[in-house]
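I'd like to ask you about the structure that follows.
The chains carry the letters A, B, C and D, assigned in the order they are written, with residues numbered from 1 in each.
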Amino acid sequence: MAGFNQLFVPGPTNIPEVVRQAMNMPMEDMRAPDYPSFTRGLFADLMKVFRNETGRAFIFPSSGTGAWESAITNTLSPGDRVLMARFGQFTHLWVDMCQRFGLDVDVVDVDWGTGCPLEIYAERLTQDKEHRIKAVFVTQNETATGVTSDVAGVRAALDAARHPALLFVDGVSSIGSIDFRQEEWGVDCAVSGSQKGFMLPPGLGFLSVSQKALAAAKAAGHERCYFSFEDQIRANDTGYFPYTPAVQLLRGLRAALDLLEEEGLDTVFERHNRLATGVRKAVESWGLKLCAKEAKWHSDTVSAVLVPEGIDSNDVVRRAYYAYQTSLGVGLNKVAGKVFRIGHLGWVNEVMMCGAISAAEMALRDCGIKIQPGSGVGAALEHYRLSAQQTLAKAA
Amino acid sequence: MAGFNQLFVPGPTNIPEVVRQAMNMPMEDMRAPDYPSFTRGLFADLMKVFRNETGRAFIFPSSGTGAWESAITNTLSPGDRVLMARFGQFTHLWVDMCQRFGLDVDVVDVDWGTGCPLEIYAERLTQDKEHRIKAVFVTQNETATGVTSDVAGVRAALDAARHPALLFVDGVSSIGSIDFRQEEWGVDCAVSGSQKGFMLPPGLGFLSVSQKALAAAKAAGHERCYFSFEDQIRANDTGYFPYTPAVQLLRGLRAALDLLEEEGLDTVFERHNRLATGVRKAVESWGLKLCAKEAKWHSDTVSAVLVPEGIDSNDVVRRAYYAYQTSLGVGLNKVAGKVFRIGHLGWVNEVMMCGAISAAEMALRDCGIKIQPGSGVGAALEHYRLSAQQTLAKAA
Amino acid sequence: MAGFNQLFVPGPTNIPEVVRQAMNMPMEDMRAPDYPSFTRGLFADLMKVFRNETGRAFIFPSSGTGAWESAITNTLSPGDRVLMARFGQFTHLWVDMCQRFGLDVDVVDVDWGTGCPLEIYAERLTQDKEHRIKAVFVTQNETATGVTSDVAGVRAALDAARHPALLFVDGVSSIGSIDFRQEEWGVDCAVSGSQKGFMLPPGLGFLSVSQKALAAAKAAGHERCYFSFEDQIRANDTGYFPYTPAVQLLRGLRAALDLLEEEGLDTVFERHNRLATGVRKAVESWGLKLCAKEAKWHSDTVSAVLVPEGIDSNDVVRRAYYAYQTSLGVGLNKVAGKVFRIGHLGWVNEVMMCGAISAAEMALRDCGIKIQPGSGVGAALEHYRLSAQQTLAKAA
Amino acid sequence: MAGFNQLFVPGPTNIPEVVRQAMNMPMEDMRAPDYPSFTRGLFADLMKVFRNETGRAFIFPSSGTGAWESAITNTLSPGDRVLMARFGQFTHLWVDMCQRFGLDVDVVDVDWGTGCPLEIYAERLTQDKEHRIKAVFVTQNETATGVTSDVAGVRAALDAARHPALLFVDGVSSIGSIDFRQEEWGVDCAVSGSQKGFMLPPGLGFLSVSQKALAAAKAAGHERCYFSFEDQIRANDTGYFPYTPAVQLLRGLRAALDLLEEEGLDTVFERHNRLATGVRKAVESWGLKLCAKEAKWHSDTVSAVLVPEGIDSNDVVRRAYYAYQTSLGVGLNKVAGKVFRIGHLGWVNEVMMCGAISAAEMALRDCGIKIQPGSGVGAALEHYRLSAQQTLAKAA
């Protein structure tokens, strides 16, 4: 079929042209004598995106799942109690991983469509006088339901309870797109990956850690080798890696970090909010609802849209893909068949989102859902138009 | 700014990924012993796009303007009378070139927004009993006004008058996108370029000629060297070129010809018609008018949209570019400030066009033109949706 | 500096142009409905390179080290006894990994420059009447010393002793370049990575396993998640992956597998032997010695060259890099400063090797080593010339 | 076949990676409002390479042949007398073009292997008291024979004769690689192309002109349109082009100009001399001779090597291509079958040249020419080694 495929899944995201150009490269020796001069800047600038000032960052040739595993196996020991909330496929998978690594997981199940339950976390932490909870987990953005949780709120709960537990954040689909402040919020392990806000192909797992996490690694009782902090630290300190890094992606990362720096993180966050708001206005105009149950849970990187009863959301996604060359996200696990997802993160702009919404409108109508053609995209573009005026006015 | 720039000018057009991949290549020697095995297929397949069966095609490292010049200087002599119609910037420029090359140009000026006046052509040809007219020129698609002319009708007029004049067609923005039949219509010189329906970067001028044009070249009295048929023929017959060809673009051309073959020319034409119709429905929904005055002139590759009195169409184009990263075409010459143009040719699909229309809506409203947000894109996408169903039904 | 950097480290290796073109791509959705039709062919063709007919292969977003870890953690349990030989940096690292995963490693240390000691292995296996040894490890190609070991010989030793231990092979720098026959040799876990004979950037770890290894995985007592067979199998069986795969590299892998298929594995092995022989002839002409102590250990993918006493091989490598834009491999661990390495694997040909040898000659002379200028490259090119004649004659 | 094809023809030359990356781009609108800010820098920096300070430069979508044609048709009139020397295929072709454009060409034929005959030029100019000679042509580097001529000497001859003729220089295979000083030498029309020292794919013709040439254009009597100065000037002055420019190559040109600036033109010239000297030492070691008859004619961008009597140089070239994936240049016209050519211009370095010489050695021996294997490459690399030391010493 003619024309470009339109990619609006919540990762992998669209690759900026300069990143693509940077990765269009011959191979290079990752043991070259001048390689450290390259890697050092990379680590330093990666930490800036996490707003991590005093810890350090690791770059694994892996997916974000690998970075999850690294966080767990390096800082915790089998039997350690951890506090987790489950409200979507990715919180579910993280819980599963912790259980498989022998942690004693206190799982708080809340409705899919809501996020991290601050009150319950506060309660558990306050009750845990003996500090048996070794780590508290928060998924800043549950990619499956389009729900953003309040990481600062979890920190506040820890502080209020004067609880020493480590704070783990899954920021795979938020960091670089939604405000995240590792230092300020006292996050000990912040996980991300290359293929979302970092605008790269998948293949790099990022783990940004605090000094407290590094200290915990000295005592942690899990076996680990590939994802070991210690091996990374020893090699990274010399500017190299303990095994062959994904050199092509690292050159892409350099270009992507430069782009984030150039646009400015706060501007990036504003753009994501602006684009997401347009999508939400479109959904409202369609007369549909988001999976996220309240405005406070609305994600600026992905919207999970509930289809009406009797409709299979997989049909919508398939139709968009086959008839309109547009990739939307399917519903996963409990919301399979019930939601489709529109990713609006990374290297995206207003007109791209209008295309995504247009594709969704066509597919929704094809699947028999009664919406007024142009209603969603009209609502979105009017929002984009007005917010662009504000943005340009502010810049002037 | 984040996100991709959206390109909707009527050339250069968007490059398909496989074409882009094919051009991502190291240099090669255009005198390599096996180079002819590459070039021969290229010429053969290029001719298929022109539906030229008995003539030959030339590939110049040039723009389409160079191919115009080649057609004129190889088949005509200073002082030769030629019949031309002028109704837009590109017909204007072709007239100008002919005059500069000393031809005796019988210019028929008709309204911009109309196309080749068949009745007047018929009359002139019928009256020209002495066959002083050596060539008749038609611009199949006037890119400046979005007007398509009836080439077959011009052939019919020539035949009716039993007139031996050569038939020249400017197909720069039509060939490969709109039905064109060199052999059937008896076109002697058909000009095109790489950056429109051929989905390549600019840099190649194509000239597809009949045996009659080749015969005319033997007597033509113009000086020529770079654009000489004779030099090309001598070298091309051995599989090489008389001077260094644009080898990177030739590899891209190979990939582009394969794409056209794979989709099928008739399917390509249908797609262009479908996409164009959607844009026209959008324009109608906006309450605006096309520059093309009647449906019979409607171009399937570019729509020139008239803005209301008191509005400068350049402002619309600039707004789309700076605020929404979308390139629309400006008005040229007589219609400067009065029209903006939406290109819908080459490697485009439904969702891309919805993006283009959305960008236009935003820019139009920003410039104070009262249109209902979403009205244009809604009309277009509903057309795309319904025609996609027909297409899929036909395929089934 | 002008001109291309010349890459002759034993991985990452040079990327073929078609692979590079294939990776020059926009992102795609790894959950797309037609993605399985892509991945299924990939797994099937990957297995062909391992000559694995009845098992299955895993593709991890990782380095080869990750695939090592996967092999160990999925098929063995803490405390299991394994037999390993150590004779270079990579055998050293694999031993280290096994020890860190709590295996009871019977390490046979032999001279660096020799390979897997078949007699000792045979002896240990024969003595192990109780079959306490659960797995036997062989590094087919020790990248650090340029030593190839006899995997078939290890299989023979296992068979002779009627020993049921699993057979693990590190084929990171051999598979796809040196004859390897998983099925015939009864290899249970064969590890490789993308950046050597597979001619891709680093970022994919390959693990090709037998049914026996899959059966062992059911009982293995190691924690595992990222590298778990079970998770991969469940997802791969549907054509997908348990977490985001490195989609860009997978498209490159498709192109690389096609290249291997097209050239033919046996022809690929012959080419590696021919190129390696030329390098060995150059080394001999220089009057230098290889680290590999006997011809039977000579590696066809990498040559580790001993520098004369009093010379630091790091100086040779640095000189080649800074003065001649050529990356040679440094000596690692016990042979640091004593050897430099010339990689001759992957997408390489005769002329490229002449360039590598020329660079080495210049750097060696710059470092004060007395060799006749042109002696090495002359010996190599004469070998290449004569063997090319044989190859062409055979093809005729 | 495996491994990269090695390109050592005297154009097209190897593309630097950053240039290749810059051309790996989506299309763009050459009428975008901010396009002039891009083109203005391009013209300014292009002129620096010509060392043209007071004139202007034109960039045509064409080969260098087009730029030749532009120079002639814009500044001369049919019947004008011009002085030209013929001593190779490219001087031959330029003479032919002048004759076809109706110029009265005073052709001085000298031996192929020699260059522009300064004494004869001086004589003709001195004798031409009536200044009937309107232009004097010099080919700075005859690509077919590897002969460099003395442009400054021609200027001196003009000045000595106080002759007002225009000075035309074909610098296609010299400018950007060999010292050229348009302003200092009073060159009126300097022609070049993208695919040699500018390290780009073919497709751009460059013409750098003096104010005197611009003045001459006002009176010149040739028809011209595509290659017209006037059209270019009118459009270029606004930052645009009179017809669609080759936008992809222009982005490549930007990167290439940056590379030349970064390395520094004088350093670039030194590098070319160093690399060429190595090749000449290799030829000498082989016991062969260059086509260039004296050292003063030696070209630093291409060496044409005479093969012994009884050998067909085409066989050498074919052998290098088919057996060793190396493109060498064939002999053209009078020296067809007698010479093969090694290009050593553009993005090349020492190790690449060692590869080229190695390939030539193999092919020469395969064709029965008795040379000592390694003799040529040994001589070259020893020169490179010693000169690298000087270069590094100078930098220190």
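We adopt the following convention: a contact is a pair of C-beta atoms (placed from the backbone, for glycine too) under 8 Å apart; a residue touches a chain by one contact, two chains touch by 3 or more.
Because the structure is a prediction, the values reported are computed rather than measured.
Engineer: Which chain is most remote from chain B in terms of Cα centres?
Structural biologist: C
Engineer: Could you figure out which pair among B-C, B-D or A-B mirrors the A-D interface, over half of its contact pairs being identical by residue number?
Structural biologist: Repeat of the A-D interface: B-C.
Engineer: Taking the mean of the CA coordinates per chain, how far is chain A from chain C in Å?
Structural biologist: Those two chain centres are 35 Å apart.
Engineer: Could you give the separation in Å between the centres of chain B and chain C, each centre being the mean of its C-alpha atoms?
Structural biologist: The computed centroid separation for chain B versus chain C comes out at 53 Å.
Engineer: Averaging over Cα atoms per chain, report the distance between chain C and chain D in Å.
Structural biologist: Taking the average C-alpha coordinate of chain C and of chain D, the gap between them is 45 Å.
Engineer: Which residues belonging to chain C are in contact with no fewer than two other chains?
Structural biologist: Only 4, 14, 17, 20, 24, 26 qualify.
Engineer: Please name which positions on chain C make contact with chain B in the complex.
Structural biologist: These residues of chain C touch chain B: 17, 20-22, 24-26.
Engineer: So in the complex, the part of chain B that touches chain D is made up of which residues?
Structural biologist: 4-5, 7, 9, 11-15, 20, 23-24, 26-33, 61-66, 69, 73, 78, 97, 100-102, 193, 195, 201-203, 222-227, 242-249, 317-318, 321-322, 327, 329-330
Engineer: If we count contacts the way the header does, which residues on chain D are in touch with chain C in the complex?
Structural biologist: Touch residues, chain D against chain C: 1-4, 6, 14, 16-17, 24, 259, 263, 268, 271, 323-326, 347-352, 354-356, 358-359, 361-362, 365-366, 372-379, 381-382, 384-385, 388-389, 392.
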